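Below you'll find the structure I mean.
We just call them A, B, C and D in the order they show up, numbering each chain from 1.
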């Protein structure tokens, strides 16, 4: 579970149900967090956060203990003064209005509070543990990247290129040429006080067959639920996705073949999921992000106290596009879902043994 | 929760947490079920099911009691013989292979068993109660319709037309001209032993502001989870959806205005959801269905016992397109999510009072 | 989960999460249900129920499939006429008043409705599957018996005697001499239109070390929650229980010893539970049942409509003591909790393999 | 939910689902924590903890926001060195052995780790918020006190005396004379290196009728589950409890009467719970605590690595009786359960309005 607010004291996560015996360090988690960290390039927000993660519980002598793992980062660089004027005039495209109405004025409005993209730092912390677990036990690898930003789509690339290239550029795309175009597009719209949306694609490799619990905890159900919990996500498609809606069954059904000693399909229009269960092919899906709601241009709003229409210029520092920073968030959320379902499915035991240093010392 | 299998004894649902005091009859539930019923036209499967729902518990003297409501239909028209040959040769595009591997041969393979589209009858039963509840207490109306089938998209239409027209034609589309074209397309592919996919759009009206629980039970998260539990769904988008990924913030942010005494937005690119909470505008989303996996054409599969490649012609009777029958299923699932979240949000009380006949008699 | 009412159409249960591959038949479940069945002797209620259980889903060719298992018995012998007069005059000691107030008149009041002891039939159905699972996979055995009725306590007995003797007598006690005294006591109070309470003791053997999840799903927490869901239970103690409150640490701590290759304790004052986890010793606890609330004597009540005090003679047929019939209920509830926690703890896999006939046939 | 370990960095709690608009301060929570704090008298452990609670999230400008509330205390006074020798030789009566076996050596063994009584500090933190909520909205008052220690039972007292007197003495009993005897008993056993058990009684006043959800979340089920999550609890009884097992129905049924405009019962043998729902009378129950497992006397244990029997003298500083410090813990746990069930039952709204300073300022 997640806790914390954008401009509160901290953002944190508590992981319950993580198996005992997983080696994990603050450094490993920090590495993932740094990928999401703002202020690292021109194309993202200038907010400089220290974002040092602290493991508060559940890890002892370098291994998880089976107890709840509490992870936390303190919020350091906070300037809330500019948010005073959004108190009664909700920013278009943000949760200000809906939160104000739901909580009747009691929600923490500063920087979007509980609804801020900053909350996704808690997904990344927890996701770092989930990633390590999946890699450690099942050799599962999760690779997300920017497929499209501001209408510019990454050129053709292989998965190996995606793995190698995506974090080498500020927009986290697997194709260097497109990376440059995307960056130009972002800076261009930033200069106009505007923002752009985009699409993140994610692939999970080595997921065993049968992950997912029918009916309501199917793999795609749980992934959808988790991915739609990322702010700014407005769409999601698995495998052929919306394109499948325009295909015939004879075109869309993936045909089975034998590859070595394994059953594979010749195509992967299903995105690796059949009947809500993984089928042994790569899990593949795309997530649509809307353009960042915070823009420099004047917009129309309503003063919710006086109930008069009003103009607003949104304060604060913002990402012209959330897409690059969303890449590690999508990976994290995917890892959390896969960890949860592989544990439920008995594919990861409650205690990981092996030749751990701890075990050596202790016995 | 849902239980039952395609070719087992029954399909059923147990609803827990429904408020006491809701008037509901088997006839009302049956009416919704009939909209989903197969065998009603040329464009759907020929399986003739009686599908008479029975209320087994939780309703007394015509009103819900607050106790769990068990609803069930017995499976009548069952011919499982043709499924014998899929035992070891999974049908492409179905859950046969994933279920076989997950349950190592113990799952009920007949007609897809637990993974069959027939399971959605349980969503519709339960959804009928949820719809009634939402209408009764909050005047919420849910309208789904076929937006696209086999690449043919419904022409322009108003919501009033959608409400009036959709159930007047076999494909459940709001535009009569498109309906005819869609039907032709379906029959054409059916004749070729093939199938077509499509898109269902859904609109929910009169949803109060603030429905949804941040972060992990947001309105779009919960809708996504539930919608992806419908077999054959491969994509989902809210409001502008994937199109939003290509827009600028200044184009995509819905501007606030005053309409009468209410805050509205001039556009609804958000699909009525901001920060995971309803914003008072219509909830609007689209669901992509892949073409039905069961087709008459020969396909490639693998015998999972001998591990040899093999050809298969899929047995049984099937829908050339699941889309028309999916329309009431999408409505039902939407109703279930909205009922759950409005109850959690305190918008529906645990007991519905008012001048019920029951209360009159009793006092 | 459980559904149904005393005088409604049925009582049933849906089991979610049962591993695939467990052989189970209606006959096995029926056998357990028959132990709880009313009308089998003079010392219990005269209501004659057929109580034939039907497996509605989740079992295929004699094995569980991993899908939800719905079990149901139809209510046959129903005479609700005598309950008309309790509509507005709640019976002392029953849930009539609390249910009426909570549901404001909408609850099914006939025979206690949802609050009736008849609901425990659903525990026994589900418990039969849990018992089979525990026995099949972990060789866990659960033995409950009447320790005390109407102040008469069973004489000294061994666990072997308890296993052999308890179901040989109507009061389900491990000591034949006490059985006769208890029966006399029950009949004596029955003749006076009164009822008696008692204590059921339960022992679970072969529970592996470490069952239970700290902190909130500890073994004793979950057992307590489940046992207090049995109507008429007013107290519960593990091992030395309330007596432990009067002991010193040096008297109450169980000392560790080696027995063969296993760690055991010389005494079992902990009741086999330390820190909320099983410790390898027998799980042992006692459950206090109040005397049945339904008695023939006139009692004082209040008409909740007129708000005037009133006398009432409770209608219907009743157990002079619920204790004998509660014995299989306590066993069932214990089995459900142990099954749940051993599955969660990874001690029972999601699919049970082995040389099942099904597997033989299929491959 | 709770996190943290005895000798880890902290102990904390995250409260999810607390209504927005509740005024709460760190001081109020601290006050409750101080009641549980060790080192405050001769009769409890000498461990001196600062135990300053910090509200990390979910509270803004003095009011809850509806977001998760994270509360934490840092562990200050930690001396783990003495625990090295219990690594392989589990202390009798503690969770050392069961935790070691369950987590195969990975659990944090220092001071009992996750199984330490120190974890109950997280119950008290969270309980302080729940208490405030219940008092603020429903005027519910929860009063626990020591009924018995080391076989010495408090003399007769009224509830008013209990309210006034219990926190005036070190043993938290409502009767001053007994307090002195209990204290003598504790010190006497402490001097002998031994410990004593006892019984805590708890009363909750002004609980509305109908709190609790049948069947599995009944008021007594949920209370039992929560109370058995307190370390050292071995028994529990509601109202007449085990005594009820020896009574007749005619003696045990509470008779209804009219008191003013309300329905009451002349006695309260039910402990305020009928059919798992509150009946408007005081909720009343007793909790049995075993004597503290940590004693100064030598005990028998087993080295779990060498599998040889061994003697152990338990290291560390300990309570000769946990009972006095358990009093606020029992109150807290009761508050948490009542808060949860009153929220679920719609008796507490998701937003608390009223003339809050916040609302004044904002509008």
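List of remarks:
As a convention for this text, contacts are C-beta pairs under 8 Å (C-beta built on N, C-alpha and C of every residue); 3 or more make two chains touch, one makes a residue touch a chain.
Quantities reported herein were computed from a predicted structural model and do not represent experimental measurements.
Under the contact definition, chain C and chain D share the contacting chains A, B. Distances between chain centres, each the mean of the C-alpha atoms, put B farthest from chain D.
Per-chain CA centroids place chain A at a distance of 39 Å from chain D. Computed from the mean C-alpha positions, the centre of chain A lies at a distance of 46 Å from the centre of chain C. If you average the CA atoms of chain A and of chain B, the two centres end up 27 Å from each other.
Of all residues in chain B, those that touch two or more other chains are 1-2, 67, 102-103, 114, 214, 345, 351. On chain B, the positions that touch chain A within their shared complex are 1-2, 90, 92-95, 97-99, 101-103, 112, 114-115, 119, 148, 150-151, 189, 194-199, 209-210, 214-216, 218, 220-229, 231, 233-242, 244-258, 261, 263, 265-266, 269-271, 274-280, 288-295, 297, 299-302, 304, 307-309, 345. Listed in rising order, the residues of chain C touching chain B in the complex are 1-5, 8-10, 12, 14, 16, 20-21, 54-58, 60, 63-70, 72, 87-88, 102-108, 113-114, 305, 351, 353, 356, 358-359, 362-363. Of all residues in chain B, only 67, 214, 345-346, 349-351 touch chain D in the complex they form.
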